[in-house]
Amino acid sequence: MREEIIVRVGAKVLAPFIIMFALYVHFHGDYSPGGGFQAGVILAAAFALLALVYGLEEVQRVLPPWFVRGCAALGVVIFAGVGVVTMLLGHNYLAYNALAPDPTHPEHGQHYGILLVELGVLVTVFGVMATVFYLFAGRKGQAS
Amino acid sequence: MTLDLLLTHYNYWVVIFLMMVGFYILISRGNLIKKIVGLNVFQTSVFMLYISLGKITEGTPPILVDGYGEADVVYSNPLPHVLILTAIVVGIATTSVGLALAVRIKEAYGTLEEDEITGIEAGIEPAGEAGG
Amino acid sequence: MTAHLILSLLVPVAGSALIVLLRRNENLREAASLVTAGVLFAIVLRIYGAVSDGARPEVILAEPFPGIPIALEAEPLGVLFALIASFLWIVTTAYSIGYMRGHHEKNQTRFYFFFAFAIASVMGVAFAGNLFTLFVFYEVLSLTTFPLVTHAGTEAARRAGRVYLGILFSTSIVFQLLGIIWVYAAAGTLDFAVGGILRGNVAAGTVPVLLALFVFGIGKAAVMPFHRWLPAAMVAPTPVSALLHAVAVVKAGVFAVLKVTVYVFGIDFVAELGASNWLMWIAAATIILGSLVAFTKDNLKARLAYSTVSQLSYVVLGAMLANSLGVIGSGMHIAMHAFGKITLFFCAGAIMVGAHKSEVSQLGGLGRRMPVVFAAFLIGTLSIVGLPPTGGAWSKWFLGLGSLEAGQVGLVAVLMLSSLLSLAYLMEIPLKGFFGKPAGAGQGSGHDDHGEHGHHGAPKWSVAAIVVTATACLVLFVYPEPFYRLMTMVTGP
Amino acid sequence: MLLTLLAATGFALLRIRNLFAVVMLAGVYSLLSAGLFTVMDAVDVAFTEAAVGAGISTVLFLGALALCGHHESKPGHTPLLPLFVVCLTGAALVYGTMDMPGFGEASNPVHHHVADHYLEESYGEIGIPNVVTSVLASYRGYDTMGETTVVFAAAVGVMILLVGGARARRARGGGEG
Amino acid sequence: MAEHYPALQVVVPLLAAPLCLFVRNGRAAWGLAVLASWTALGISLMLLSRVMSSGVISYALGGWAPPIGIEYRVDVVNAWVLVIVSTIGALVAPYALTSVEREIGARRIPLFYAAYLLCLSGLLGITITGDVFNVFVFLEISSLSAYALIALGQDRRALTSAFRYLVAGSVGATFIVIGIGLLYSMTGSLNMADLAQLLPGVWESRTVKVAYGFLAVGFCLKLALFPLHLWLPNAYTYAPSPVTAFMASTATKVAVYMLLRFFLTVFGAAFSFDVMALDRVLLPLALVAVVSMSLVAIFQVNVKRLLAYSSVAQIGYMILGLSFATVTGLTATLLHLFNHALMKGALFMAMGCVMYRVGSVHIDAMAGLGRRMPATMAAFVAGGLSLVGVPLTVGFVSKWYLILGALERGWWPVAVLVLIASLMALVYIWRVVEVAYFREFTGDQQTREAPWTLLWPTWALVALNLYFGIAAERTAGIARQAAEVLMTGIGQ
């Protein structure tokens, strides 16, 4: 597959678009279908595509396994951390209103909160999907 | 009455049929990967049941067109969607762990057929226990 | 006085700790054992003094269930039992020093440790303030005596231990515990009370069933068919057989039966309903059958064990008679049989250590070499049979009177017959000892390996203990007063 | 129509023993169900199902098949018990739906307890038009946190199982317990 | 901070889990796990004391009042279960250090602790939540991490048993989801308290009854009620020792709790017992479980498997208490939740010590260990006696209430069966004891007592066994209060 120049170029061209699309899905989640989870999946799929075309090692040089693993954990920390922050601000767990204490416009705090937790979801899902993909793909050589 | 029931409920019943196909694959097939496929089908069908619950005839997706829900626009119920989004994620999580287990089982036993695994385990049972 | 109650439990426990601490020096260790026993007896004497003056000290140790505490209370029946057990513990400790050394037993520290623990649980049984506490200490006693029974660690000991714990636990869990919870469900309390707690709380028809749950559930009373554990327990070292399986454990069983009958059911209640009639005859059957089996046993300890089975049912019988005389006889028999039977076991042990003989048929002529031992055996025998001038005569007397009062002439006959039987199977031993011919060389060939130890005769410590208990048997004939008074306090005027 | 296709796919899944085909069909099944979700106004769900069911999980299945081989052997015995269990379960469910409110009726209780609140108040309270996102990230944000954790747990699980590879397997030979 | 305890209860271990992946060293991950689990224990104790003194605590997550948002609702019942889970969690965590270093490869140790913490937070989350769908989410957190933890066992059969558990667990979870969906379709609500208000209006509908059935099957799969227990024995046998100790003492307990919560609070005791005849369905199943599984346990040669079968039997006791449909019966169930966690925890931990030194838990491997590893085997004996139900141990306390409950209903044959089953427990425990104390030691002469790092958590549990066996007043009081809450239902 490595010799197929069209595939290589195609993948190279497509990948940024997929990543762009993922980010669009993420940030436009408020207005249309989509959000952190779908974006994370798509993002991971982009790298999976690159890995299929260029080989696992190449992609792992850009995105080392420890990095994606860290992402998987980081996302959870972000999400749960938002809750802890709102708690420290004197509100209930995950009560985003605490993030922008403006009684007339509670939605501001909600915006920040949703943005942050969606980011957490994105990071975790991307990290997890990439990790799982690496592990399955990386095992190929060892199977008897 | 019967016809009425049929018309208003056939959707559920087809979904139930699909569920049962998945369930049947899950519990009757010996191949571990096929079992996981069955589990997927089973769960996806359950998702359909939920989404069916949320559907309102003539409704539209629950994305507010003008900010506030106007009376003349009927939105489908968003809550089942949210639940199922969560459930889908849970489903893929289970699938990935199940597949990882299947891979390891294949490596350890050289097979993915439940019968053969049971046979191997029965075979090593005495030696394994006594050697313990 | 409540402090004394707590001390009666703590002293043996502390003693056992001391024993472990002093395990390096056996003299100190055994001194600790003796001192503990002495202190305990002194404490029990103080309690006796208070109780005979009419005090009823009580103390709550813990309250596991709301309304069901683990409580200690000293009342006459319990004091009687505690008095016997703690006194005989001193004697047995002295005896076992001689025995254990003479027999070169292993793991002596473990032996003394669990022995002291067993005594602590015996005290708990004696002073139990309610049925729950009684059950708790009863079970603890089973557990703490298990390592003593299996002391030898051999295959035979393991099997015997299985029978021992198996029967004691299954009866106590399936029957006794069921009975206790049933009583609680019906009466809403488990406290012992004069006159019982069941009157008016249960249907008349269930009383016999409930009573049977206790009589059979208290497996330590060894009522047939749940007696098998007692002969099995004889694999233990002789001091264990002597104190625990002739006195403490088995008496804990019959004591519990008596106590339950008197304080949970109430003798009048039982008598009115005739709830115990068929159980009387079970006890009577055990008396006779036990004696008959004893006849067939050539092994001395086994013979004594079946004799115990038979004699225990005297006590159960006395309780089942459900009248004052029967109960007095019952309590007296706890005391009298204790002194008699412990003497017999001491003698058996002394013969084993001194002459390496364990079978009745090997005893011929030994009496001339061990006159003190065999004389004591004779006294013990008389006491068990119930002949003057020994204490055993009194308990038989009251039991007989009780049977007559209950209108059970047949039971009097049973008592007579069994006395004759026991006379026959026990007298064989001193008779053989004094008048029989020494065992032939052919019979002894199997025991040649003992030759190098020689026939030293019984250890001094042991002989001293034997003399004490045998004398006690005689003294109790002249002076049964303390026990009699305690029992009349139980039954009331 | 979609439902019929789904049923056909399900049946094919049951019969086919080549696991590659099965996995592909499972992907098709997911896509079809995504279509169904769209028809039923669940666009978010459809999007996710397409990405997950047809995308990621197919990739994972293929990865697993590459490691495990792809033929399923013939079942050794007639699975009567499973069939019975399945029929019983299905019958119970159908029985249960008898009293269920009709499909798509706006008066169903489902649509009126908390759903009304989400549709009517969410713009004021949260200020974004996609109600699904509002509910997902805020009203039931905690569920979503749980969901994120589930995904993370899956990653931990897969790592536990597949990290280390061949070395771990050799060690296994000695560790018979 | 006190008002946030309900959230912190779950979030502390949940946050600690990803942090385990950032520390590269197994010991640091262990430190995190210990810290998080002890914090969770502290929080659960404070929650319990607050609930006891001032009643139900409702915590609105995200600040959205229920039923709009997700609610955490703590009453005596789940505060009690939280204490059970976090107690075991707090003792297994320190125990794991030494055991895991022996049984699990170094690279996986941080992962182990991450999965362990996830499992703990999942179980706590299931217990504390007042929202039925949230139950499912946290159920999956705990289940997924449990599958992975079990698969960490050294034997390759750990893999297959984890897979079987995964299938059974997923079927159970899916059934629960179906049940929840049906309930939702009839009421439109997911909040437990809310459902409890709404459901009486639709009691008569077949949908609710079927939902009930699906939830029942789902929970019974999760709690391994006979005959849905088949996944359990192997899973417990081949999992690493600390995992077995943890799972056996918590996972099935939480499943029992869910059953109680759904059937008695959400549906209501009246519906469960009068309409669905739950008691009459569960009674025979529980009795068969108690007797047959005790019997099966007698014939096991692998001690961990023996204890696993015993667990299935003990779950039967808990369900039996429920089937009495009385406050006393439920008290027995709730007490046994706690007590069984204590005794099985101690027993499996003792087996972990044996595994550590001897490398096997086959019954023949126990020969002579009474002398070689006196503290370990003494702990086993103590835990075993508790399992049998000897007085002064917790096992006796639960048995007491169970039999009292049976006699209150006048079901004395049930009481007799329970007692006979406890004799069977005596038989299977005693088999091990005899081998340990009466057989000659045949193994490696180097075999010594287990290290104290393993022994102290084991003995801590043994001590709790004895302490709450004597001071059962407190536990029994809480259990009774909780039983009354369950029987009267919510808001009445």
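A, B, C, D and E are the chain letters, set down in written order, and residue numbers restart from 1 in every chain.
Quick note on the criterion: contacts are C-beta pairs under 8 Å (C-beta built on N, C-alpha and C of every residue); 3 or more make two chains touch, one makes a residue touch a chain.
Quick caveat, the model's predicted, so the values are computed rather than measured.
Visitor: Minimal path length between chain B and chain C through chains that touch?
Guide: Between chain B and chain C, the shortest chain-hopping route counts 2.
Visitor: Going by the touch criterion stated earlier, list every chain that contacts chain A and also contacts chain E.
Guide: B, D
Visitor: Report the chain whose CA-based centre is farthest from the CA-based centre of chain A.
Guide: Following the centroid criterion, the farthest chain would be C.
Visitor: Compare the CA centroid of chain E with every other chain's and tell me the farthest one.
Guide: Comparing chain centres, C lies farthest from chain E.
Visitor: Name the chain with the Cα centroid closest to the overall protein Cα centroid.
Guide: Smallest centre-to-centre distance to the global C-alpha mean: chain E.
Visitor: Between which chains do we find the greatest number of C-beta pairs in contact?
Guide: Highest contact count belongs to chains B-D.
Visitor: Compute the distance, rounded to whole Å, between the mean C-alpha positions of chain B and chain E.
Guide: About 27 Å, centre to centre.
Visitor: Rounded to a whole Å, what is the gap between the Cα centroids of chain A and chain C?
Guide: Averaging C-alpha atoms per chain gives centres 79 Å apart.
Visitor: On a C-alpha centroid basis, what's the spacing between chain A and chain B, in Å?
Guide: The mean C-alpha positions of chain A and chain B differ by 24 Å.
Visitor: Report, in whole Å, the distance between the mean C-alpha point of chain C and the mean C-alpha point of chain D.
Guide: Chain centroid spacing, chain C to chain D, equals 71 Å.
Visitor: Enumerate the residues of chain A that touch no fewer than two other chains.
Guide: Residues 31-33, 37, 69, 72-73, 76, 80, 83, 93-94, 96, 125, 132, 135-136, 139, 143.
Visitor: For chain B, what residues touch not just one other chain but two or more?
Guide: 19, 23, 27, 53, 61, 63, 79-80, 83, 85-86, 89-90, 93-94, 96-97, 99-104, 106-108, 128, 132
Visitor: For chain E, give me the residues that contact two or more of the other chains.
Guide: As it turns out, chain E has residues touching two or more other chains at 14, 17-18, 21, 61-62, 64, 114, 133, 137, 140, 144, 147-148, 151, 155-156, 178, 184-185, 190, 360-361.
Visitor: Output every touching chain pair, sorted by label.
Guide: Pairs of chains that touch one another: A-B, A-D, A-E, B-D, B-E, C-E, D-E.
Visitor: State the interface residues of chain A toward chain E in the complex, per the touch definition above.
Guide: 69-70, 72-74, 76-77, 80-81, 83-84, 87, 91-97
Visitor: Within their complex, state which residues of chain E touch chain A.
Guide: 4, 7-8, 11, 14-15, 17-22, 59-64, 114
Visitor: If you look only at chain B, which of its residues touch chain E in the complex?
Guide: 19, 23, 26-27, 32, 35, 39, 42-43, 46, 49-50, 53, 79-80, 83, 86-87, 90, 93-94, 97-98, 101-102, 104-105, 108-109, 117, 121, 128-130, 132
Visitor: Which positions of chain B touch chain A when the two form their complex?
Guide: It comes out as residues 61, 63, 85, 89, 96, 99-100, 103, 106-107.
Visitor: Tell me, which parts of chain E touch chain B in their complex?
Guide: 133, 136-137, 140, 144, 147-148, 151, 155-157, 159-160, 162-163, 166-167, 170-171, 174, 177-178, 181, 184-185, 190, 301-302, 360-362, 364-365
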